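Per-chain numbering from 1; labels A, B, C, D, E and F assigned in written order.
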Amino acid sequence: MTEEERYELGFKTLNALSDGSAQKVIESLGDVAPELARQIVSWGFGEVYSRPALVPRDRQLLTIGMLTALGGCEPQLEVHIGNALNVGLTPAEIIEALLQAAGYCGFPKALNATFVAKKVFGERGLLPVAGA
Amino acid sequence: MTEEERYELGFKTLNALSDGSAQKVIESLGDVAPELARQIVSWGFGEVYSRPALVPRDRQLLTIGMLTALGGCEPQLEVHIGNALNVGLTPAEIIEALLQAAGYCGFPKALNATFVAKKVFGERGLLPVAGA
Amino acid sequence: MTEEERYELGFKTLNALSDGSAQKVIESLGDVAPELARQIVSWGFGEVYSRPALVPRDRQLLTIGMLTALGGCEPQLEVHIGNALNVGLTPAEIIEALLQAAGYCGFPKALNATFVAKKVFGERGLLPVAGA
Amino acid sequence: MTEEERYELGFKTLNALSDGSAQKVIESLGDVAPELARQIVSWGFGEVYSRPALVPRDRQLLTIGMLTALGGCEPQLEVHIGNALNVGLTPAEIIEALLQAAGYCGFPKALNATFVAKKVFGERGLLPVAGA
Amino acid sequence: MTEEERYELGFKTLNALSDGSAQKVIESLGDVAPELARQIVSWGFGEVYSRPALVPRDRQLLTIGMLTALGGCEPQLEVHIGNALNVGLTPAEIIEALLQAAGYCGFPKALNATFVAKKVFGERGLLPVAGA
Amino acid sequence: MTEEERYELGFKTLNALSDGSAQKVIESLGDVAPELARQIVSWGFGEVYSRPALVPRDRQLLTIGMLTALGGCEPQLEVHIGNALNVGLTPAEIIEALLQAAGYCGFPKALNATFVAKKVFGERGLLPVAGA
């Protein structure tokens, strides 16, 4: 792939995943860190995320786990919980993942992530969570 | 203990410790993660916290240390610094713990926790901290 | 569930998942922290892991992400990468998850986890990783 | 050095570095944690920072890297990115450091730090970043 | 206090707390980082730890919580669990603290700390833990 | 740049920086995670590290700070402290950076990094550290 093709594939991959929230983050980097923005698209989505070895649902589940464990990544969790819903994870599955996170990362980090999920679900009219 | 007894013991333990702030967190989980709420009460407080091997003052001191070290857990620190006051830790002892945290976790995390303590103490009319 | 039933369900869940490594960790706690051992089985596996809302493959993918992000959890990663293989994740999928982890947790944590995976795969005769 | 001399050196070092933001943090500790305030000045700046073995530009570059990696230290990053500009790091160098941080700490932590930089640069009229 | 008095107080405080393990760490810094060694004694123990606002038992309980939460600090945990025993925390209290840590930091970090405790207790002939 | 050019630039950049230790890590990934190896070279060194906006000495100082703060990255610290020496940081500067790290990340993480530095310096005959 040429550099241009990588960016295009990344952009297309990102658009299939996110309905605006990730794109807004990328755009807001334009006047401060355009190279970081370019690398997130070209490398993060064009080279890594677009690989077929894991389907998007798997990648989003994994990402929610990593962001919860890192801590302090609530803005990214908000984007990725939205993306997770877009690629087929149900609210009940996301909440179940965060219950499991309590055992591996402790209740405080699980709570922080759960309240981000509550915000995202609320904005999409998905509260109360069915089956939770 | 039956499941119901565990929940009741947890609820009673939590009420002896916290005058509303922890309970509010639990309630706000109701429509998004009721199982997480139930486990915090039944397991966290009914099974673990209620064990007699450490008194509540010890547990709160420990918890303040862990939350400061984890980072990004300011909402939980707010609840637990309040609980710490409820079970007999003085503002000066809490501030001393956070001074020690500077040496083990670094000044930035100690500062974040100290400003949470300032907020909690301020709401209870405990500023300036006597003896600090 | 009674306490005994929870423990039995946890034990059964754990045995379906792990062929000895997790059990060895539990046993080694016997003389130092028997209550922690009991809670990992009864609560971690009996109450949380056994819930049907996520299948074991999903739970292991999530756990690998969380342990990689936390850092310093190589002993647990070794157990859980083995468990991941036991419930159907392929070596190539695990390696792909760790490539994605590079973007979210940075290369150093991804490398630490990858070298644990190399050890586990090597012990099972799964090197070189097919399709990686 | 006597205790008074350490404090004076720390105060002078801090004033050469920061045009008000660090001082404001120190002052706001006055009624809650005066000893922590004193130790940050006397020890952090009087004993450690004032040592000649690394110049302030080096120390600020290092500090930005550490605060980005720790996560959850956005208030401290805001102070130290301002200080970094004061001692000669350019906006483009700070942004380049945060691009490198993406590889070592992952994109989420790099993004959190970059948005703090955007705020600081914006307040100083340094957007868009020249050469970025 | 003069610089010499601070060092002497720190040295005396450290000797009352630790029967050799902390001292060995300090000594091993001699050829690589003598200033770091001096600051741990003068500042960490001479200025902070020696303050009367918290008794040593409280400080060690707090430190065990912080080191468990930070992760990757097993060498320091080994020293501080030994110190904790020296100042009156019982093995059962330390193990109870680590059970509580499971809820706040997750099982993996609690396990890592528990196996350090097992090592320290074993070397002192304190296994199996009475009352655990 | 074509993909091949990126890899070549990364390889050349890495060889100018590291005299074998980083290359050994890359090679050891060959049978388990060849894509991760390729991305570290092509992206980490070919795209990011080779950018002229920061000189290698700055990048290594920054990296040592980040790895110390992350914790649990001793294998990477070993490689990068060696690289830091290769690009002109002196042992005394590296040790000074780790003294500053004590204030931002706490003594335990600073100690872990300092003992890695001691190992690297010892292997190169640089102990005791001149001027430390």
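The criterion applied here is as follows: contacts are C-beta pairs under 8 Å (C-beta built on N, C-alpha and C of every residue); 3 or more make two chains touch, one makes a residue touch a chain.
Predicted, not measured: the structure shown is a model, and the values here were computed from it.
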item	value
Neighbouring chains common to subunit B and subunit C, by label	A, D, E, F
Per Cα centroids, the chain farthest from subunit B	F
Candidate from B-C, C-E or D-E with the same interface as E-F, over half of contact pairs in common	C-E
Interface residue identity across copies subunit A, subunit E - same or different by half	same
Far-end chain from subunit A, centres as C-alpha averages	E
Between subunit F and subunit B, distance of the C-alpha-averaged centres to the nearest whole Å	39
For subunit A paired with subunit D, centre-to-centre distance based on mean C-alpha positions, whole Å	30
Computed distance of Cα centres, subunit C from subunit A, in Å	23
Sequence positions of subunit B contacting 2 or more other chains	35, 39, 43-44, 48, 51, 67, 70-72, 95, 99, 102-109
Chain-level touch network, classified as line, ring, star, complete or other	complete
Subunit D to subunit C touching residues, read off their complex	102-109
In the complex, subunit B residues that touch subunit C	1-3, 35, 39, 43, 47-48, 51
Touching residues (chain side subunit C, partner subunit A) in the complex	43-44, 48-49, 51, 53-54, 58-59, 61-70, 92-93, 95-97, 99-105, 131
Contact set on subunit C toward subunit F in their complex	71-72, 95, 98-99, 102, 106-112, 114-115, 117-118, 121, 127-129, 132
Contacting residues of subunit D [partner subunit B, same complex]	25, 28-36, 39-40, 44, 67, 70-73, 75-76
